[in-house]
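Here come two complexes built around subunit A, the first alongside subunit B, the second alongside subunit C.
Our next item is the complex of A and B:
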């Protein structure tokens, strides 16, 4: 009786090991079911979804105009002080009135956690998340970015 | 207080396991007192990844502090955010739209699946099996892709906001989840073939790391650790939140009290999560995904508490408000901390090899313990 149980145990053990080995062997011989992606060789075909939060960018149209009024809603919404807006006063050429506008939109990529709260807070939709993700640089200072392009101004009609 | 590494006066060997030991899942430092191969005492030392999240939250507004909680238990980031959002909603007495509730539950269950899959892979790797890790990540990757499409991130999503969710579901979401469920059902038997039925695995798990139901209660263990000893502790069943009271699912209970019981709880819980997702995926109500809230949230003076069932157990969020825009005090009751406190009880008197196996079944996430 003891011997029978002993042999049954050994047989069950070998069977359980063989089941696992069979599964491993299946994938060893079925190369089509392997799903490994060859990054970075597949960079050209690698598509990220449009909602992917890679970094904050400011959208500019073809006239080099953006929609940022300098209201600092994003700066207040940011939990990590990633955004710093430096404002200036533009003098309107026609009316001579002073108008608040952004001078520099400073964005610290090294502090950003991609929480999307600034994009949610923006009342004019001036900033959005870009799909870039390879952010490595050789110098830390390159991570501090100026988001408004040189010479750009706020789009007419955006208040 | 701390025993020195080396040999004690009784001739016992004191060794350090971690904080950089790969088998400890992170920066957990265990001081193990050994008599030969028998464990006499295990003392966890914490604080290697302490980021003072609770203190940080005191200077962040009620919208901002939610993103930090993704970094506590990063494997159930959605559920952490969910518990915090629920606590803020409780203070604001905010009604969450039906669509947002369903989206939240769907995301929670997908997160639970992804978390258990990672645990399953890591658990097998602790015991020396490398292949299961890749099998687990193959399915988890599909969930991550679904999350990436809807939430915009793969791990720290920050998708739940007070009043609902940040974005509406992506148009592809339903189809992709259905495809995933089909794939999952086609592959689930591989899990049992590779690990559950394996004789080496069973011998190392059964009768190891025993904790009685009374000890579970006295240590305050929750989640699969408690349910592995037959203690009912599922917050989704006992204190239903969102739409969990309208869903059909079973609380998984095992009465083995050992490592294998805790393993089986998680394996069976994955199937319950699939069951919940199947009930909801075709019945997502139309409507708003976010309730209208003020730009600046102010909680009334008072104390608010909410809890949710993460993949590891009960997560409690306690907010004390003075009536301002930032909380006066926040306390998180993390499941990992209480589960870790039972480790010494689990492994005392056992062999050092069983320490790894027992620790694997606790499913520790160290940033959740240290916060």
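Our next item is the complex of A and C:
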């Protein structure tokens, strides 16, 4: 009985090893199907996976309007102080009421870990992850970015 | 007809005609030494690029493709880089042992090349105990690993070296028993006799199933002896950074690296000699036309073809199987390979005594 189990063990081991070698042998003989990207050569036709995260950007529509209300939910969600939101008070021209609005959305790319928590936290979908990744610069200060475009304002009806 | 043995004989004649026999012998030894070093350098370059390409193709990548045509000069560029690097010796290290260890590894690999027949009548030293010599000298290689691990004054190096010691001491046994199967069938320890006995067919085909089992055990055991994956516990990158050669840099590191690849070549050459007929061409029974075509291919091509096929198989193992744990490694040897190879040796002896082999 012991001997039967012993031989069965050896047979099972050899069979599973052969299965693995058959798989890798198939890959070796069919090396036309390459899964890696030949990056600097195919910059124009680069195919990035859908969930690849490169940097945080704020989406602006054709009227230079964004959806950021300055609620600072993203700033609170960020684990390492990558985002800093500076707010201001706009005065409404008709009613004369003061209204909180975003002045500058500061984004420190050099601190960002691409964890996606800010995008998850945003209640209005104002920011998203872009797929750009060639971020190297000669001066570190260039990595501190201002995400809202100059002269942009919040889109009507978002709040 | 140009062949390696003809070239060697011509050089021997020319030297003996122009100088005294003593000087001729000294010059021949020098030529052999230079040839061995040249073979080492060439093997290192070829095997490193071969390993990188095989691993890339198995993992559906392209591999090195920048330096030279199709990346074939990559290993040459890497060697140049290693040559100009500084060979550091750590402060707390045992200086003498630390610096001697890589050369011990190299010298063992060089000594092992002596009895290998590279082509018909082309062998450095056809001594009458060739197989015993190989198994004796190859076990010295563990000394260099233990020296490197001990002298580095580093816990990772020491752990790697101790694992390697346990591993090589155990796997020497089943490798030796697998080799004994062929020695029993041939009745001689001389490499040229073993090759001559396979003139009418390789032992792998003549010896029935027991020799096939011995061949499989031999391949597993030598993979473990040369410290290659799935038995690379001595260097285990993910656990011990680089094991016994963690502290080595520059050319001293390169010597360990080179010794590993030359050892792989040597064990594959021994496997090809014992089981696949060395430089003997492939013959099928009475197919005279087929056998004639096979004879036309030079014997050195047969030898290197078989050896490189076995090297490819060992590389294939490396890029397919996950690494074993130390207890699994010793279980495999003492509970499976050793009992099987002992029983198998009895079967082979029975076959040899009764003359059941072809």
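Keep this in mind: the second predicted complex is superposed on the first by the 121 of 159 C-alpha atoms of A that agree within 3 Å, B and C clash if a C-alpha of one lies under 4 Å from a C-alpha of the other, contacts with A are read in each partner's own complex, and residues count from 1 in each chain.
The rule is short, and it goes like this: a residue touches a chain if its C-beta (ideal position, glycine included) is under 8 Å from a C-beta of that chain, and two chains touch if they have at least 3 such contacts.
Here the structure is a predicted model, which is why all the values come from computation and not from measurement.
Engineer: Quick one: is A:20 in contact with subunit B, with subunit C, with both, or with neither? Answer first, second, both or neither.
Structural biologist: In the superposition, A:20 contacts both subunit B and subunit C.
Engineer: Check whether A:4 is in contact with subunit B, with subunit C, with both or with neither, and answer first, second, both or neither.
Structural biologist: A:4: touches no partner chain.
Engineer: Thinking of the overlay built on chain A, is A:140 touched by subunit B (first), by subunit C (second), by both, or by neither?
Structural biologist: Neither partner.
Engineer: Output check: A:28 vs subunit B and subunit C. Expected answer is one of first, second, both, neither. What do you get?
Structural biologist: A:28: touches subunit C, not subunit B.
Engineer: Given the touch rule stated above, what does A:116 touch, subunit B (first), subunit C (second), both, or neither?
Structural biologist: So A:116 only meets subunit B here.
Engineer: May I ask you to name which of subunit B and subunit C touches more residues of subunit A?
Structural biologist: After superposing on chain A, more of subunit A is contacted by B.
Engineer: Looking at A:12, would you say it contacts subunit B, subunit C, both, or neither? Reply first, second, both or neither.
Structural biologist: A:12: touches subunit B, not subunit C.
Engineer: Need the overlap of the two footprints on subunit A, from subunit B and from subunit C, as residue ranges.
Structural biologist: 17, 20, 23-24, 35
Engineer: Show me the residue ranges of subunit A that touch subunit C in the complex, using the header's touch definition.
Structural biologist: Its residues touching subunit C are 10, 17, 20-21, 23-25, 27-28, 31, 33-36, 38.
Engineer: Can you name the residues of subunit A that touch subunit B in the complex?
Structural biologist: 12-13, 16-17, 19-20, 22-24, 35, 48-49, 51-53, 77-79, 113-117, 120, 129
Engineer: Considering only the defined contacts, which subunit B positions touch subunit A in the complex?
Structural biologist: 60, 63-65, 67-68, 131, 138, 141, 148-153, 156, 158, 161, 166-167, 170, 190, 193-195, 197-200, 202
Engineer: Which part of subunit C faces subunit A closely enough to touch in the complex?
Structural biologist: 54, 57-62, 316-317, 319-321, 336, 340
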